[in-house]
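Alright, structures below, take your time with them.
Same chain, two partners: chain A is paired with chain B first, then with chain C.
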Partner chain A sequence: INHIVHNGGLYKRPFNEAFEETPMLVAVLTYVGYGVLTLFGYLRDFMRHWKIEKCQNATEREEQKDFVPLYQDFENFYNRNLYMRIRDSWNRPICSVPGAKVDMMERVSHDYNWTFTYTGRVIKDIINMGSYNYLGFAQNTGACQEAAAKVLSQYGAGVCSTRQEMGNLDKHEELEKLVARFLGVESAMAYGMGFATNSMNIPALVGKGCLILSDELNHASLVLGARLSGATIRIFKHNNMQSLEKLLKDAIVHGQPRTRRPWKKILILVEGIYSMEGSIVRLPEVIALKKKYKSYLYLDEAHSIGALGPSGRGVVEYFGLNPEDVDVMMGTFTKSFGAAGGYIGGKKELIDYLRTYSHSAVYATSMSPPVVEQIITSIKCIMGEDGTTIGEARVQQLAENTRYFRRRLKEMGFIIYGNEDSPVVPLMLYMPAKIGAFGREMLKRNIGVVVVGFPATPIIESRARFCLSAAHTKEMLDTALKEINEVGDLLQLKYSRRRLVPLLDRPFDETTYEETED
Partner chain B sequence: CVTLLQIEFCIDLFLCFCFQAPAYHLILEGILILWIIRLLFSKTYKLQERSDLTLKEKEELIEEWQPEPLVPPVPKDHPALNYNIVSGPPTHIITVNGKECINFASFNFLGLLDNEKVKSAAQASLKKYGVGTCGPRGFYGTFDVHLELEERLAKFMRTEEAIIYSYGFATIASAIPAYSKRGDIVFVDEAACFAIQKGLQASRSNIKLFKHNDMADLERLLKEQETEDQKNPRKARVTRRFIVVEGLYMNTGDICPLPELIKLKYKYKVRIFLEESLSFGVLGEHGRGITEHFGINIDDIDLISANMENSLASIGGFCCGRSFIIDHQRLSGQGYCFSASLPPLLAAAAIEALNIMEDNPDIFQTLRAKCEHIHKALQGISGLKVVGESFSPALHLQLEESCGSRENDVKLLKRVVDYCMNSGVALTQACYLEKEEKCLPPPSIRVVITVEQTEQELDKAASLLKEAAQSVLN
Partner chain C sequence: MDVKSTKNFVFWLFCQFELITCSYLMEPWEKVLFYSFNTCMVGTLFYTTYVCVAAHVSTALQLLWNFLGNQQENAVSVVK
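Entry: the complex of A and B
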């Protein structure tokens, strides 16, 4: 058996990914923190039960009090006692275009986040490090918006029919041809919602008797699609090729669990960029494994399309691979194209099959025409077909911003997860109290960040996640970095034990820094 | 010296114990100690590895295995493969495959698709916010338009709260699994639409189908469940029960008997989820749906779900009900938490459409009158029967006698549809996924009535269908 060559043979560029281990003291303190919160949670529940404290949850109707309770008390324990304390970090309402700077509506709570009231004031010009605006196409001026306005006045906002009945507009056909050309595949099909693209098409491709090998940290839409299909699901460790190879070998050698029949087909589900870790899939190795074991690859490029690769064609171009090697290339239009919806690209037989049997084509309304026009214009801009070099410049600006931001954060001493080139930057917070504190302190300094905790991440690994954009200028990044530095010192977030010696004024080049152990 | 004394003391106690205890006790302890020693020193073994295949045999198996192709080939003339191409907006007069026709196939019931006020509200929103929201509701994807739309929908439907989804299909498919989990019981009508079926599949609950609109069948199932409960009351106390019905059924065009359902709800303590995609903006004096049609208190229904893609001529869907119920979906509705929010221009279009619905409550009466008109006009076509209530704007025309196989029925109906399309009336067949539906409805032609169609056009369509049926079916 010839071994799969890790690094060197398959990779044409350095693959730098790091997940620094949680320091022991921090892990212990985090558990202690959660323990204290749980104790207080039990105490408050006890007081609410015995009516010592006012219960502010909504309650069941009087007439239905003898029905089986709709929610188990324990299911909502986390919700009531932990989430409710820092609820103001999420669902922040904004009232401007979600570009590099955004206006937010101010909200206050007088009863510890149970209810919010809007003061009516608008906080202006918050630096937006939370929206998925990788190439800066979330704009309300410019070529894209003008084209969308024209189509809106011509076609209207809705479609009122499904693709197979009367909802297939000429705009949809135009979009699909363009997407196929952009990705370098034979044919493509577009859908109205990225989540639904996964949950409605995976069941059309695999069924009972098939095997799905899915990464540990796959998105909820992939997990739902895999479950709805009825196939057997096996999970391999995150981005771990040895784990995947072992599963593939075992599956083919031993067959289906009890009957030992051979599997009908094997589908590997991976994502281009994992949005909670900031890691990039090891695509050359996955493709080598897929070819060796004759399985099929489903690549979800929700975050990587437009954000990786020298001309923004995604993770396949980033590694210099052939798009025909990926059997099903799926992606969304929400992140880099500033619109909404999803697509699947691949061979003509695949797309013909999906046109006939995809749940979305038969039962769901097709995409709205102005949204379609926004995607068409933005793809043309990225490809350079509109006659300007704006697209190319943005892709390069994003890559520069990514490298600069990550390097500066590492120099400051934060623990940053993920690949050097991914525009999703998770900064580890660990402790539950720091989740709320980080979000609030950054907002005081006019920077909007996204913080995530359990259950989206493992319980001790809560993090703040920055999404870089080509619309961020160097000044904005410097301001943000200054504030993050300040808040990091205030909240003692600089956990990293490996410090990089700061570069003095050398140009951006990821190989020319020295690493020292602290 | 002191410790030595203590050790002596312990040994003395132990020996005393040994001599005073009965013999069988000592033997038992001895056996147990020997067993522990044996377990500590025996080798562990894994159940999963079968070590009776050599490396060479494994390599051969890997070489020999041939998977199926990723997708089976689709024949070129498959009816669903070639879509109708609509150039231009799918409004009252529609250009299908290059031919101008009157549109009897788009669910544009209130004609709001090309309404100028709706379009200008969407334009204003586009100028302010751009197109996309670039994030889910939790992460800077909540715009003031979304909050306004939720408030307006809650006020219009006279409930406490409403929640918006960015895709109509995902609305009910995310709402059901948020409440009903493994082990719960759901009673659902046979003719429920595909989105409900997918929601039920994702929830992993026990599904019990009852015959379409047959309250006696439902009551039988409920009684059976009651006897089951009495056998195991502890389990029954934690098993949630739901009934899922549609206001106006998409697959059959008739309405559910809501007053009887409410009686069953209180008698057997079951919660009701109502799917009102077709009846929102159609039934009731002000368009509030089937609860207004029957005059029922809206709080009696636990959850109302509808999509905004029919009467409101926008994209997306919403659920409304009491805060106790709706607030739960903000953290457990998969299509809400893990998906980008609705583009603001579509939300603004929906708000404006709601304004128009509130300002002109007489359009609902006009729509119903037109539906009655065409229902009467379509009676008596030889070979085709009308399926649906007289006031339903989405009717089906099914073959009176099937010609044996579903494929042939579909081909026959396609010829009728083509005849009508060539003469200027755009119709379509109702499309289904034949292998995936639980109860596949018979093939049919979908006829959709909108307020924009004039009496002459309705008569023209009816007479054209009569002609088509004559020439194709006889």
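Entry: the complex of A and C
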């Protein structure tokens, strides 16, 4: 299932991505489940309205009951009646470093998840399959921690200023030079928060009269940045290059909607790894299209930096491409480096412009020095400049863990979305009761997983998302797989019909309804 | 021990029903309401089947026998 032939030899390695279709029976039963819950939701709302039952959610005050209702929309209905029933799978408080194993405080609820009380017991050594700890740098021992502690005693924790005023430390300059060297770009700039990097810098790069072509499943930070910029936004189907090419052709041929003037800039927004699907962007094709139609590319490598590529340098290295082809390389330090913050890398002129015009540089507090030191030490470790081979070993361990885990889960018969090489593994659950049941059963067996439901995913495609780590040993993965197998049998989650469905690669036209053909 | 495994299997089937119809997530009084509604529906279905469908099926079978019987008579007369 590789598409080297169709794409003119752009791919140097096979690209194995699969999104198995929802079985019809499962879809029907999921709707049945949601239907029953909706009916009971209406019943409960009726009882709350007529004071038969105590109302524990937020409502308007008595004086405001005649105003336009605040809590009548679908989001609030879903929140009160569906989310509340399974709320104990989220916001679980942990009380240790989120490494491969984590400690969690036990909670019980006596009124069906409206309030929680702590029993006081701490559940120890839960296998952590939910933290974005791809290279295992979330540690409280080791070289990174010692360096960060030293810098903390030297610089303190707070910076008390923005980058432009008095917050530009020598540590920040060192970090930026190191990040630029790591990525293979001319210059880079670091910010305190990954979400803010996207939402505050896209408005600085594009404005009115520009066109943004954004993937269907882009992250909220990219969507927010695009909307704040005021540019026209057009969406192309997820990872679908025919759809993107059609939009580019239309943009060049027709220009701006009313005046038909050419667009000032065309910016393509894609992500390296999409965290809800586990899919990897088709970067060689995107770069070929970008060069053909003379547009700019903004690549958000939040999940792929450190996790892909033979030496951990991200999706550009994974495909063997030139980093100079990507105009704006953005990423975060939260996932693979065990710190917090984001960066943008690119040409020197671009970064100098952003240093002056980015909202984040002008208004946001600069990064805290121990965090900066953690990033510096972890990047040096990955590059091998600290004299050890720990970084290289971790990158390889992550790749091995990914392949092993995905292969075993597919063999067991679960529906797994995404690319073979992505460390984000979504396992489809579909039915709302199974979301809550899966989270609780896995916690009973001492494994912590993240389950995702409606607003983050389409309503019938709820899933459990596993994030693999280089810190997971094979024994931990085997234990986790054994428990997942048990829970899968108990809850009947093995939906896969084991048909290898090839991805659609014929030209996209309006009569194409299905992404895959049977 | 076959009784035990059958009981476990039935319990597992009931758990699957609970998960699919989301009665796993309901509070006890909601479960009582839901199951009693379901039982009433199923009971009405069985009653209707017993009263009406049996009568219809027997009428249909009678018609069929008559049709086949006539066929036999006609065939016999032709042969004669």
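By definition in this document, the second predicted complex is superposed on the first by the 472 of 518 C-alpha atoms of A that agree within 3 Å, B and C clash if a C-alpha of one lies under 4 Å from a C-alpha of the other, contacts with A are read in each partner's own complex, and residues count from 1 in each chain.
Note that a contact is a pair of C-beta atoms (placed from the backbone, for glycine too) under 8 Å apart; a residue touches a chain by one contact, two chains touch by 3 or more.
Just so we're clear, the structure is a prediction, and the values are computed from it rather than from any experiment.
With chain A as the common reference for superposition, the partners chain B and chain C occupy compatible, non-clashing space. Residue contacts after overlaying the shared chain place A:I86 against chain C, while chain B stays out of touching range. Once the two complexes are laid over each other on the shared chain, residue contacts for A:L37 go to chain C alone; chain B is not touched. Applying the stated contact rule after C-alpha superposition, one finds that A:K380 touches neither chain B nor chain C. Contacts of A:Q139 after superposition on the shared chain: chain B is touched, whereas chain C is not. By the touch criterion defined above, A:K434 reaches chain C but does not reach chain B. In the superposition on chain A, A:K290 makes contact with neither chain B nor chain C. Once the two structures are superposed, chain B and chain C can be ranked by residues of chain A touched, with B on top.
By the touch criterion stated above, A:L205 is placed in contact with chain B alone, chain C being left untouched.
When both complexes are overlaid on chain A, the residue A:R407 reaches neither chain B nor chain C.
By the document's definition of touching, neither partner reaches A:R463: not chain B, not chain C.
After superposing both complexes on chain A, the closest C-alpha pair between chain B and chain C lies 15 Å apart. Once both structures are placed on chain A, no chain A residue is touched by chain B and, in the other complex, by chain C. By the touch criterion stated above, chain C contacts chain A in their complex at residues 12, 15-16, 18-27, 30, 34. For chain B in complex with chain A, the residues that touch the partner chain are 50, 53, 58-59, 61-62, 65-74, 78, 80-81, 83-91, 94, 96, 103, 105-108, 113-114, 118-119, 122-123, 126-135, 137-144, 146-147, 166-170, 173, 179, 193-195, 198, 201-202, 236-241, 266, 269, 271, 299, 307, 309-310, 312-315, 322-325, 327-328, 330-331, 334-335, 337-340, 342-343, 345-346, 349, 426, 428-433, 436, 446.
Remark: chain A residues 1, 57-61, 63-64, 66-72, 79, 83, 90-99, 102, 105, 128, 130-133, 137-140, 144-145, 148-149, 152-170, 173, 192-196, 199-200, 205, 219-221, 224, 227-228, 249, 252-254, 262-266, 293-296, 327-328, 332-335, 337-340, 349-350, 352-357, 359-365, 367-371, 374, 448, 450 touch chain B in the complex. Across the interface of their complex, chain C is touched by residues 29, 32-34, 36-37, 40, 85-86, 112, 431-434, 436-437, 490-492 of chain A.
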